[in-house]
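What follows is a set of structures to go through.
Next, two complexes with chain A in common: one pairs it with chain B, the other with chain C.
Let's look at the complex of A and B:
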């Protein structure tokens, strides 16, 4: 019997990630073309529509970058935790917590002028996200409780809290009894940057790119790297693992919370149940495609944003949403496979007799 | 100063030129687009809007397109609508309540595009209207069938949210029940969701356990129908003819958006932008009911349907309508008590002696006598 296994390459593929990504993308598009032809659509029309609407015009770019904001921040949140070997599966809930924090400020101080209100809302969003990560961070750093379970389950808590708020105390008195929160004050909308993109794009870019740079150049980032790769080394050189685990997970929640704040002040006119829209979970894919490196998140988020925007736009060509989802998934799968194969290779090995040491 | 002004004028001229170039002279080219909140293949709300789209496309002879699965209150909706506008679609239907605010914003920013929002309450004077149907009319007739079908005299009603639209439907249905069976009660179970087959099925089962042998619903899935089929009872559907999906199906009040959509598109085609808050009834064809031959009261149902079509009968404009405490609210089409807007207690909608106008129906916030349940959810 023949066995296959993945072995890490001694040196990553020449051209590295970029080449692997392009190859993965081409293969995915080829499979997608077969799917489109089988369902009676012209792949050329669909693909060119996909490209045009995401990257073919300033307006397309504005939509793509706007989508890259929550994807990038959620991706960064996951990657930051990931660089310490932790899995923050709770970005979805932390986005919601951030949006709740922001909406709360708008409720208690709706008269504040925009330049004060917006930073206050974004600040509250950061705190909201951090707050939701606080429990898992304490449990992990003090008691060694697995953060995957705690962060994952807090998503459910967050969705129920927002549902309670819009059904109960925060229900819009003018909303005809629909479970919606009141409209946000007008001056809380983030100013427009270009076309449909708002200043949130700049804020997210500074945070995502800035953090990537900082993590790779600062002493703090270096400590993070050490602590992430070897606990023993970290303790030998005097890094407190406890403090590191705690700070990093809370920071991760804070970044996701910011995404919720920007979604609220940028894309939404009021707090709605679906404010996180799955971005927190997609953030895990973003981080995985960036190989858990904060520095790779920005590029991946923009690429994935373009795929999503393009994928949504082709519905107007008569492509059903299910087919469009399959296409997006194929592209993701291709890119993810490529990311793996740029660092690993497949080797055939003879079957290992049972009982033998591997 | 002068040079800056010149530059400004030049800039404005350029913008105007570009705008006029983009504006296009193909205004006669009407294309209609639809935004749906869930996949259209669900036999419910979205399915009926897609049927309406297909019918209107044929009737008005225009190109149509749709996007489905677009969440409410997010950037995806904005992208979808902007894509349609960029592609030259100039009549846009947004078919879910939660699209209301965003549709309003788009209407203000795109004066050349006509927007029609379904089931909301906002509009403007130029290019943004809303449409809905008087579903309470066929619900009354469905209630007549339910009253005749029940043996336990308990009819279950699985309902989404305690908003006036749903409450009105429950009351109309219960009045229809009372017409054919004065001893029967309508028991309401709230789900707090439009679409969740699991929750809907549980609510249906709770009603069956409470003794209901006939169920109906104001939901988007057929879960209620499945539960009552399993229990060997009778199902009265909603949205569409569900006879193929549900074994226990008897009848259903249904939507038919074809005529309304065709009318809006024709108006836009003719260049007549007259937004309105359109609330059509059975006579307009937007709502209807199939009268089952198997029902022992099919003759009476036919007669009521005919008098609704003729304008001789209105569900809330006849008889004595009392609330759950027995207080008479409406008597022979005259309001008997002071009715206030449930969302703004300072607004008096109608007082004693007033006629039952649409405002009374649109703010309805009480249950009629033979309903078991609470309007506060």
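Let's look at the complex of A and C:
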């Protein structure tokens, strides 16, 4: 390694990110196969079971798409912040805040009819997520405080708030002393779309596609593009960086909050501590793999949703559920490597072309 | 509140302080070289699983500690290769390292969950010193790992502030291009710093599964790795202040199960939020303060260095 170095290619290899994702997937499957063999499982049996249960039937697709909803919305949340060069590491906490907001509406107005209750719960979820992003957004835009750490810290705070609620004031008196909130009113469940999928899939699709169109077509989106790429240009044409940083981070939190609301009303019957289930962290992988583009976010969310659903199905065969987390992280590392090699090539130091070496 | 409960509390403060300090010291060194590694939680899990495994197989805590440090250091090199050599985003790579480490530790440690610990770090008896009231039962009864943490902290401080190697490491973390021009290998120093960070996170994991709570189960790290990341900021990237912070945050963790004993009617869950909120507070203070003087954070943190883009 000491005698090798990376040199930028004159032109990046074509088809970069899709190819990088495929290479990442292959690397992940290969490493995963080694692990499975070492632990006494047949990779072919395990992988085909994963594929079948995630993508082999309408039922599998319904589960995969349902899982893609929180992953895609969290991924979009991260991507939105990323468009301004910010990292929202707090989607996990904002999902929790969203779920708390939704559950709170169901607590204070359980008698509302479904068509009123559901939008109210989702609206509260959006506000909940935005609320958790408010502090980091103010600190970043007013004081220049790095948002990576503040959003990261608030994850841990949000986890403890929901833990406190389901262990204390919101604990279900009929829950056999389990740390769970009471069951949500029946009419708060999102209507079913097909098999296990609910309307949340449509909502998420509209939000992701809608945001993609809005960002690429509207004046606001154009301002965002300028502000995200050059602070000086932005200030020259009269765009307030402060306002942009603030709005974008709060918007990012709101989108993650919506994911929490849909999880609550769609996939869960009550508020529990594990409502975010790591989706916020996976959302960062989603956004990174999608290179912060909304169109890519949707595709990657479905792909990782399939990995997760497949990973849950193989537990019945005695394969640890951790397998899907390992695969997801390896896909990312594989894709990072592949992406670097589509822009750079490895050369021996002696063969460095003049001009490339400083 | 009697003497016994107070001594129990102090012992617990030292134990949790050790856990946090080992990991936070490693992260301090990595960040000083300009590499943010959000993979602490994953490296800690890998170290903890390895230590418990080797402990069960060999019955020797020192072998277990060594294995944990080596495995975690090697594991940290995934982040090293991705973020330092290839210049991938440090935030993404570090988080993926946490996800990978938690997953791998759970996968590889599945058969360990039912095993009984065969090796542990017991408290070190310092003869007459350990007989002193109060101090003898707390400070002078620490486990070898707690002593190791203190020694490593002093060594890290001396190396960082008093040696050529330490200066090079800080230079790389402040301005990689300047250090490179001065003939320092940026990639090499950053890789070493990340590996040290990994080894110390591994030692922290070993302390968890060999001393603090002997045993292994998925999720045993319980987010302590994130506190370690917070501590680096809380301690303003200085080994000494990070130690004070570790004892403070360790104290908060130690208080959680004891609040009721002390007659405090606050939920321990709410208390457990304090380290994170305090860190946000410190971060805001630091940035308000740094308007008039240079920032205490390493300037090149989070920035990949590629020579031809200088």
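The criterion applied here is as follows: the second predicted complex is superposed on the first by the 306 of 358 C-alpha atoms of A that agree within 3 Å, B and C clash if a C-alpha of one lies under 4 Å from a C-alpha of the other, contacts with A are read in each partner's own complex, and residues count from 1 in each chain.
Methods note: a residue touches a chain if its C-beta (ideal position, glycine included) is under 8 Å from a C-beta of that chain, and two chains touch if they have at least 3 such contacts.
Just so it is clear, the model here is predicted, and its values are computed rather than measured.
A.B. asks: Considering only the touch criterion stated at the top, classify A:322 as touching first (chain B), second (chain C), both, or neither.
C.D. replies: both
A.B. asks: Now for A:178: first (chain B), second (chain C), both, or neither, which partner does it touch?
C.D. replies: Only chain B is touched by A:178; chain C is not.
A.B. asks: Have a look at where A:269 lands relative to chain B and chain C in the superposition and call it first, second, both or neither.
C.D. replies: first
A.B. asks: Based on the superposed arrangement, let me know which partner A:67 touches: chain B (first), chain C (second), both, or neither?
C.D. replies: first
A.B. asks: When the two structures are overlaid on chain A, which partner does A:129 contact: first (chain B), second (chain C), both, or neither?
C.D. replies: A:129: touches no partner chain.
A.B. asks: Using the touch criterion from the header, give the chain among chain B and chain C with more contacted residues in chain A.
C.D. replies: With both complexes superposed on chain A, more residues of chain A are touched by C.
A.B. asks: In the overlaid three-chain picture, which partner chain does A:7 touch, first (chain B) or second (chain C), both, or neither?
C.D. replies: A:7 contacts chain C only, not chain B.
A.B. asks: Should A:167 be classified as contacting the first partner (chain B), the second (chain C), both, or neither?
C.D. replies: A:167 contacts both chain B and chain C.
A.B. asks: With the two structures laid over each other on chain A, which partner does A:337 touch: chain B (first), chain C (second), both, or neither?
C.D. replies: The second partner, chain C, only.
A.B. asks: Taking the contacts chain A makes with chain B in one complex and with chain C in the other, which residues are shared?
C.D. replies: In chain A, positions 167, 320, 322 sit in both the chain B and chain C interfaces.
A.B. asks: Along chain A, where are the residues that touch chain B in the complex?
C.D. replies: Where chain A meets chain B, its residues are 53, 59, 63, 66-67, 167, 173-180, 183, 196, 263, 267-270, 272, 274-275, 277, 309, 312-313, 315-316, 318, 320-322.
A.B. asks: Residues of chain A touching chain C in their complex?
C.D. replies: 1, 5-8, 35, 39, 87, 89, 135, 139, 143-146, 148-150, 152-157, 159-161, 163-164, 167-168, 278, 281-282, 284-285, 288, 320, 322-326, 328-330, 332-333, 336-337, 339-340, 344, 356-358
A.B. asks: Residue numbers of chain B touching chain A in their complex, please.
C.D. replies: 33, 39, 65-69, 71-76, 78-80, 82-84, 86-87, 97-98, 101-102, 105, 121, 161-164, 192, 342-344
A.B. asks: Any idea which chain C residues touch chain A in the complex?
C.D. replies: Residues of chain C touching chain A: 36, 38, 78, 82, 85-89, 91-93, 95-100, 102-104, 106-107, 110, 218, 223, 226, 229-230, 233, 267, 269-270, 272-273, 276-277, 279-280, 283-284, 287-288, 302, 306-308, 310.
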